[in-house]
Amino acid sequence: MVFDTLVAEFPYLLHGLWIGIQLLAGLLAMGLVMGLTLSVMSTFGHWSLRLFAVIFERIFRGIPEIVLLLLFFYGVGELIPMSPFVAAVIALGLRSTAYQAQIFRGAIQSVADGEVMAARALGMSRLATIRLVVLPQALRRSIGPWTNEYSSELKATSLAYVIGVVELTRQASYIVSNLQGNTLTVFAVVAAMYFIVNRLGNAGLYALERKLAIPGFEGRGSES
Amino acid sequence: MSDTPILSVCDVRKTYGGVEVLKGVSFDLARGESKIVIGPSGTGKSTLLRCINLLSPPDGGIVTLDGVRIEEKNINQIRAQIGFVFQEFNLFTHLRVLDNVRLAQRNVLGRSRQEATRRAQKELERVGLADKFDAYPAELSGGQKQRASIARALAMDPKLILFDEPTSALDPELTGEVVQVMKDLANAGMTMLVVSHEMSFAKAAADEVIFMEGGVIVEQGPPDRMFSHPEQARTSQFLQMITHDHQYA
Amino acid sequence: MTEFIEFGRTWMPFLLEGVGVTMGLWAIAMVLGFCLALVLVWSRVYAAKPIYLLATLYIEVFRGTPMLVQLFFIYLGLPEIGIVLDPFTAAAVAIGLNSAAYQAEYFRGAIQSLPAGQMVAARAMGMSRFQALRDIILPQAGRRVIPQWSNEAIVELKYTSIAYAIGLTELTARAEQVGYETFQFLEAFTLVAIIYLVLTGTVAQLLDLLERKTRIPGLTSARGKME
C-alpha cells in the first residue's frame, strides 16, 4: 500500500525537486557573480568598499533565512510585487553573496603578494594582474569551501516553503496532507532525495577540483 | 645616440614606519654598465630598488629612465622597460614556465602568440632551461626558478634589469648557476643594477661597486680599487667582515 | 524614517516578548545538542566499529538533509508511531538533534588536532582514559573548538526561526502577526531582522570574549611556535 502511494506521488516529488534545483542554481549564480565582484572590489578597491562589504556580510549573515524570505516576499513585495520563486532567489541569493564573498576573499588573499608584485613589476595593470594572476589561483582554491556553500544552500532551498514556493518540501507536505498517514515514509524519501543531490553535487565539485589542480600543489585537506 | 644615462637616481629618500631608510641617494647608470650595491642588511638597498620602479614610491627625489621621469602616471609602460628579479623568484605558480615568460609579453607588450613563444624559448635556452618549458614552478629547484625569472625579465627587452638579492634565498650549491647567468648578461652588455653580497659577481662583472650604509652611499668605485684600497674606514670594515665570513663558508 | 521609528516604538514591546521564546528554544537545543554531541564524539573517536558506524550514520543524515525536513519528520511524522510533541518541544528536539551532529564534528576535529603525545603521556603517568580525557584532552580541545562552536551556536540561534513553520509563536511569527495587523509587513520584518542582528551580534561578542579569556599562546594561536 505504502509502495503504491509512493510510486503514484513520485512524479510530484520530482517536480518539486526540479523547482528546488532551479532555485538553487539561480541563487548560487547570483551569489557567485555578486560575491566574486564584491570580494575583488573590497580587496583591491577603495577602503570604503571594504567597509560596505563588511556591513553587507554582517547583515545578510546575521538574519535567519526564513526572516529574509518573509522580508522579501511580504515586505519588499509590498512595493514591488514578485512571485514567491523570484523572492526566494533574491533573498537567498543575497545571503549567498555574503557567504561567497567571504570564501573568495579568503582565497584571493591566499595568493602570494610576491606574485602580484612580480606582475606589477612586469608592467601589468591592476586589472590584468587580477585577471591573469590572482583569480586563476583564487578560484581554484575556492572550490573546497564552495562545496560547503553548495550543501548549505541546497538545504536552505527547503525553507522557501514558508513563502509558498512549491519546491520539494512543500510538495511533500501537500502529499502528506492529501493522504492521511505515511508521513514518516514520505519525509524519509524526501530526506533521501536531498541527501543524494547533496552527494552528487559534492562529488562533482571534488572531481572539478582534482581536474583543475596544479601539479606540485597539495589538495584540500593538507595544511602548510 | 646621446650619452644620457639609462638610469638616473637623484636624491631619493624613503621613510618606513618612522625610520628614514634612504637619506638622499644619488647615482647614475650608463647604457651597458653593471653596478652592484653592497652593504649591511637593512640599510635600504632593497628599498632603493623598489623605489626605482615605484613598487614602493619614494618620499623624495627624482628617478629618470632614459631621460623620462618615473612617476605614477605611466608606470605600467615604464615598468615594462625595467626588469626586476626578486629574491623569492615570484614565478606565477599556476602557469608553466613557458607561460610565465610569455604572459607579460602578450599582455603588456601586445606581442603575438608566435612571437612571444619564440622569444620565451630563446631566453629560456639562454639561461639553460631549454628542457623545462612545460614544467610548473613547483617542480623546479631554487636555482632553476631564479633563472626562469631572469628569462621572464629578459623576454621583455628591458632597458635595464634590477636584481634584488637574487641568490639570498638559494642553497649555496645553487647560487653558482644563477651568478653565472648574471655574469654572462653583464658581459653581453645588459645594463644591470644588482643588490647582492655575491662578491664573485662584483669582481668578475661589475663596472662599479656602490657601498651603502645607514641609508646613504658611503663610497663607490671600480671593484679592484674598492677591494684593495677603499677610501673610507667603514668600507674596509664591511669588506673585511664579508670576506672573513666567506672564508669560513 | 520617522514613521518607521514610530512604528518601532509601537510594536517593539510586542516583538520583544518573542525573544524569550527564541532564547529559551535556543538554549535548550544547544544543551541537548551538546550532551548528545559528547556521546557522538566518544563513539567516533574511541568506540568500537559498530558504534562508530552508527554515530557516523547519524551525523551524515543530520548534516546531509535540511533541518526543515527533520522538523516535519519529528512534528508531523512521529505522531504516526505515537509520539506527539507540542511545537516548542518538537522544535527544541529537532534543532538539538541537528546541532549535535555539527557540534560532534567540531569536537572531533579539535580533539584530533591535538598531538597524539598528549594522550600517550597521560596514560604513561597512570591516568585512565576517562581521567586523561577530562583533565588533559578536553581542556585543550575545548579551547580550540570555541571559534567553530561559536559559529555553530549563532547558526542555531538563527535556526530557531524554523519553528515558525510549525506554528510556534516565536519572534518571526510575531512579526507576521504585526504584519497582518498593520499591513506594514516591510516594517514589521525589518524590525525583527534588526532584533536578530542584535541578538546574534551580542552572542558573537560574548563568545569572542570567552575565546580571548581562555586563550593559551601556542595552543590556540601560533605565537608560541614563532619564538
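To keep things simple, chains are lettered A, B and C as they appear, and every chain counts its residues starting from 1.
FYI, a contact is a pair of C-beta atoms (placed from the backbone, for glycine too) under 8 Å apart; a residue touches a chain by one contact, two chains touch by 3 or more.
Computed from a prediction, not measured in an experiment: that's the story for all the values here.
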Graph class of chain-chain contacts, one of line, ring, star, complete, other: line
Maximum centroid distance from chain B, chain identifier (CA atoms): C
Result of counting contacting C-beta pairs for A-B and A-C, higher pair: A-C
Nearest-to-centre chain - CA centroid comparison: A
Length of the line joining the C-alpha centres of chain B and chain C, rounded to whole Å: 56
Between chain C and chain A, distance of the C-alpha-averaged centres to the nearest whole Å: 21
Centroid distance [mean C-alpha coordinates] between chain B and chain A, Å: 47
Complex contact set, residues of chain C against chain A: 60-61, 64-70, 72-73, 76-81, 158-162, 164-165, 172, 175-176, 179, 185-190, 192-193, 196-197, 200-201
For the chain B and chain A complex, residues of the former touching the latter: 53, 55, 76-82, 84, 86, 88-94, 103-104, 107-108, 136-139, 149, 152-153, 156
Residues of chain A defined as touching chain C within the complex: 58-59, 62-68, 70-71, 74-79, 151, 154-159, 161-162, 169, 172-173, 176, 181, 183-184, 187-188, 190-191, 194-195, 198-199
Chain B-facing residues of chain A, complex: 112, 114-115, 117-125, 128, 132-133, 136-137, 140, 214-217
